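Look at the two complexes coming up: subunit A is in both, with subunit B in one and subunit C in the other.
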Partner chain A sequence: MTDDLLVIRDLRKTFSTPSGALTAVSQVSLSIKRGETYALAGESGCGKSTVGKIVAALVKPDAGSITLDGNDLTALSPRQLRPLRRKVQMIFQDPFSSLNPRATVRRIIEEPLIVHGLGNRGERRRKVAEMMDRVGLRPEAADRFPHEFSGGQRQRIGIARALILNPDLVVCDEPVSALDVSVQAQILNLLKDLQRELGTAYLFISHDLSVIRHMADRIAVMHLGQLVETAPRASFWANPTHPYSRALIAARPDPNPRNRLQDKPVLEGELPSPFEKRKGCDFRSRCPLAFGLCAEVDPPLRPSAPDHYAACHLVDEPDSRNHTAAA
Partner chain B sequence: MNAILDIKGLRACLRGRSENAYVIDGLDLTVQEGEVVALVGESGSGKSMTAFSILQLLPPAIHITDGTILLGGHDVMKMDVRTLRQVRGTQASIVFQEPMTSLNPLMTVERQIAEMLLIHGKATRRTAPGKVIELLELVRMPDAKRRAKQYPHNLSGGLRQRAMIALALACEPRLLIADEPTTALDVTIQQQILKLLLDLRDRLGMAILLITHDLGVVAEMADRVAVMYAGRIVEHGPVVELLEAPRHPYTHGLLSCLPAEHADPDERLTEIPGLPPQPGSIRQGCPFAPRCPRSDAICTEVEPAMTSDGASHYKCHHPWTAP
Partner chain C sequence: MSAVRNSFFRRFSRNLPAVAGVLLILVITGMAIAGPIFYPAGPWKLVGRPLLWPGEDARFLLGTDVLGRDLMAGLLHGARVSLMIGISATVAATLIGTVIGAAAGYFGGWVDRLLMGLTEIFQTTPPFVLAVVVVAAFKPSMASIVTAISLVSWPPLARLVRAQFLQLMPQEFVLAGVVMGMSNLRLIVTQLLPNALTPIIVSSSLMIATAILLEAGLSFLGLGDPNVMSWGYIIGVGREVLRTHWYIITIPGLAVLFSVLAINLVGEGLNDAFNPRSRSR
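On to the complex of A and B.
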């Protein structure tokens, strides 16, 4: 496809830790189109943030390729990589630790321009003011420090910093998880507005499926370093296929008071240790549908509908769906 | 019905600031025996301070100026230190948000729980280990015998929270205060822990005061809900009425800014403009008035009193109408 902005193939990353080798990301392939929001969903430790950092070229993968606009980022030297870094920026989860406490807001937002040698002082000043206005901050506040702002406002500063280089892709790593719900809505609306105006694509990393449902055009669910399901929005929500995706959807607390916890199925069992060598499907210890084959063979991603893939041995069985509803 | 907890007119003030920096400002709250009451609010609303005040665990900078807190019929503010020690754990105990920082990292799970049993005279050195295992089994700690010998850092977040709950239940409290007990956990683990709390309520008959910011958790768990804003309760009522027909514009706003299940993704989320007030910044009128779409002149001048014309009680001059 020609409108693919970013293509990831067979990404793998293993960290060596005091407890042994930890494979954080394994065989991850995905592609993001221009201007779309691609969500990576999953629980803590599933590797979604590592994928985000690899895409932002903050972590080097052990294997696999990342192609941005036809350039393979993993094959480039740091010097060659530099001009391409402008095209991918990042917004972090914690608006408290991701802003330099000793720098003014102006300095924080204009720093990417300085690093990439763009514009003179006057031009940068003007651009910062313009960007602050765009993200809903008063440009007069440019000389203040991060601690003078609330969490939501700090996240706006982080967004302004990420967008000032006019990137093609922004990696949003849990951008609203640290915020209160009333402020969360403000930031999600802002991200959507900016995408509409600027045509930026988002790699939207979140554990919160309600937020993903609102934001994402395409969804990938990760489990212990692997993608277990990828699908376009409509297909995913109409037919979540992998038992893990369904469990995540079911476990999401729903503000409907007639939907009480007592009546819901709960996922039991423990996650396998990420340090151990594993055989078969990683989800089988918690999967209500696991059977003999699951302990032997790790299921690959298989098509279950147009453009919709799931890594489960039951994908092709037509009655597996009814099966789960009953379980 | 018997109230295990009855708070009336509670006010608590941040020391060293101007006189009016109240973090809790005229709060009334009751919890009946065996009931699950959710105290909902955003950060800074005073919900955790309310929890701490019940066991007199407020940070030194905050002191209570007015009100009474009756726990099992006795005023905790009139208790001496010895009586308080007795009451903590047996009448009420707390489960905190982050079990890693609230468990002692240098003690095994067994020793921490045994210490609690020994101090309160619920076990002897000989019987304590067996009781610890019983408690761990009660909270469905997998492989309880092995886990008892481990340290908090050996446990995952979900298992640590189970250990924390076992510790809180050691002396069979009549009220369990759970302060954001699952906020640090993944959704699938959150569900396990919340379900465990409900099971324990049914089996042991204790009441639960659940402090949370998550209306989804409230909907799944609570019998009654109290919504906090700027140190006071602005609306309270039975869970179904409160969530399906919120009367206070703040409750209404909180519910409508959640991404809706079947809404058009191109639709904008409803926002509550502005920010919650800093403690002490509201001098008169309704604290929500500056952010409220329904406010008018009276709202900025007169603080509304708690009223009711149905199942819910609310403090508002211009409530949303009942269905």
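On to the complex of A and C.
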């Protein structure tokens, strides 16, 4: 337990909107170890980005605690939080809006050092050049402006900015989903290489399970603001337990043309409204295995294998594994 | 940067009306500089027979006014007053508007409601009436006129800056600034303001024209600084003889018209050069 870098307990966040209170995140608990990649998967609107923003202290949760290295971030005032911010950085989705269009690349990458008063001018310049080299940018390009770069290069600038403070944790919010497929792999490999060199942990948010399979040491699947399954990578891919996880995996494009999408289970039914207070399992309206109990009781996360948890009533039944596997 | 600057200047210089505006402004600035050089005695001196038509006496190219003051001297010295008041009132209004708009947009909540309420109070009062009241409340002087004009000119700018901030704040580079631990002031000064600068520059440049008009109006009503002769003052004095000696108000009137036109042309040119439709940002 001592190697837990970040521990989240019972996180809840509700947004008030014109159409009522929207519960974006509820009862989310997870812990991220030093140097690992923890992936949050789920379809758009499931609250995974909100969890990322709460971890990066961009959004204040309504309830729950976030403990980073023993410090409870939710108990701190914005001023007290500021020095701790260098430990958690963020890589954003959109490489076009994530860089200040009026600043040079040097300025953008150097800014975190300036904000935290690290090094003098010469040291900072050296560090920027070193970081640019590390993320695969030519240091001579430091005096150019973001619009002179391609999407993939801009994402590299964003990565350099996030890693120059040598943070313990980087929240990667869909870091490659805005990029061309050919560039995606380069960026993902860059992230992996940097993690190996620097020992940074990633909270990796993505809707793309192929990307997650490539990156994650541990996977959590979110559905309508709640975690429905968390598992280490081997156990998750060998034995996905929650019917939603299975549906997501099945919906993943398969390069083999003989495995057509038509033959696979595709999710049908309506997603319940996130505005209402709901009884029972949120997934039951789309679940092929739903039965009476699902409408009555919201299933808690239960162990299905060592370190592997799923929020489904079918998990605990001894014969359920065979039953769901057949479906 | 140089590439950006170059393309900006290229776009601006291809805009003929804007270039004409720049030339006109240079002429008016030249007039303002020439005033004390050619007429060191000042515009108030009674130099000849009153109500001389332009060209009637070779010494007074533009003629004389009701009291026999040289209209050319008045025109050149007036350029000085108009430009000075226009620019200083605009600088003051831009500062007020930017600070209030930035605070309202950045902090939101009750700060926003309070500041926007204040802005609306100013906006619902007719600007010229408010300016008259402010100048009349103090003694008419350069300082009180600049104060009055800036006081009535900042609200649209505050709204503009606020709108820019609201549009910029959700952008990811601003969030990145928060995540890296920037203070509010640093975030406003280094991330938000530089990206809101273009529309601020454009609308400030247009504000100079409005300020010149306001000053002319105040002087026309006799609320100008009695120590300086502005175009508005000449028009105000000349109105009594409008039907017989129309040139007295026409000459400074044309001066006001051309300066306002020139500034508007330059402002529009800046706007087009900063935001060419072809370039999507």
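Simple rule for what comes next: the second predicted complex is superposed on the first by the 319 of 327 C-alpha atoms of A that agree within 3 Å, B and C clash if a C-alpha of one lies under 4 Å from a C-alpha of the other, contacts with A are read in each partner's own complex, and residues count from 1 in each chain.
Just so it is clear, a residue touches a chain if its C-beta (ideal position, glycine included) is under 8 Å from a C-beta of that chain, and two chains touch if they have at least 3 such contacts.
Just so you know, these numbers come straight off a predicted model, no measurement behind them.
Novice: Given the superposition on subunit A, are subunit B and subunit C in a clash or a fit?
Specialist: On the superposed model, which is not a single observed complex, subunit B and subunit C fit side by side.
Novice: Rounding to a multiple of 10°, what is the angle at subunit A's Cα centre between the Cα centres of subunit B and subunit C in the superposition?
Specialist: 80
Novice: Kindly classify A:115 by the partners it touches after superposition: subunit B alone (first), subunit C alone (second), both, or neither?
Specialist: second
Novice: Could you look at A:233 and tell me whether it touches subunit B, subunit C, both or neither (first, second, both, neither)?
Specialist: The answer is first: A:233 touches subunit B but not subunit C.
Novice: Contact-wise, after the overlay, does A:16 reach subunit B, subunit C, both or neither (first, second, both, neither)?
Specialist: neither
Novice: Classify the contacts of A:77 with the two partner chains as first (subunit B alone), second (subunit C alone), both, or neither.
Specialist: After superposing on A, A:77 lies clear of both subunit B and subunit C.
Novice: With the two complexes superposed on chain A, say which partner A:188 touches: subunit B (first), subunit C (second), both, or neither.
Specialist: First partner only.
Novice: Identify the partner contact of A:211: answer first if only subunit B is touched, second if only subunit C is, both if each is, neither if none is.
Specialist: A:211: touches subunit B, not subunit C.
Novice: Subunit A residues in contact: does subunit B have more, or subunit C?
Specialist: Counting residues of subunit A touched by each partner, the higher count goes to B.
Novice: With the superposition applied, I'd like the minimum CA-CA separation between subunit B and subunit C in Å.
Specialist: Minimum over all C-alpha pairs: 11 Å.
Novice: With touch defined as at the start, can you tell me which subunit C residues reach subunit A in the complex?
Specialist: 1, 4, 171-173, 175-183, 186, 190-191, 194-195, 197, 281
Novice: Would you pull the subunit A residues touching subunit B in the complex into a rising list?
Specialist: 43-44, 150-152, 180-186, 188-189, 192, 207, 209-211, 213-215, 233, 247-248, 251-262, 264, 266-268, 270-271, 286
Novice: For subunit B, which residues are in contact with subunit A within the complex?
Specialist: Residues of subunit B touching subunit A: 42-43, 142, 156, 186-188, 190-192, 194-195, 198, 213-221, 239-240, 242-244, 253-255, 257-259, 261, 263, 265, 268-273, 275-276.
Novice: Under the definition above, what is the set of subunit A residues touching subunit C in their complex?
Specialist: Within the complex, subunit A touches subunit C at residues 56-58, 82-83, 85-86, 88-90, 92-94, 97-104, 111-112, 115-116, 143, 145, 147, 158, 161, 165.
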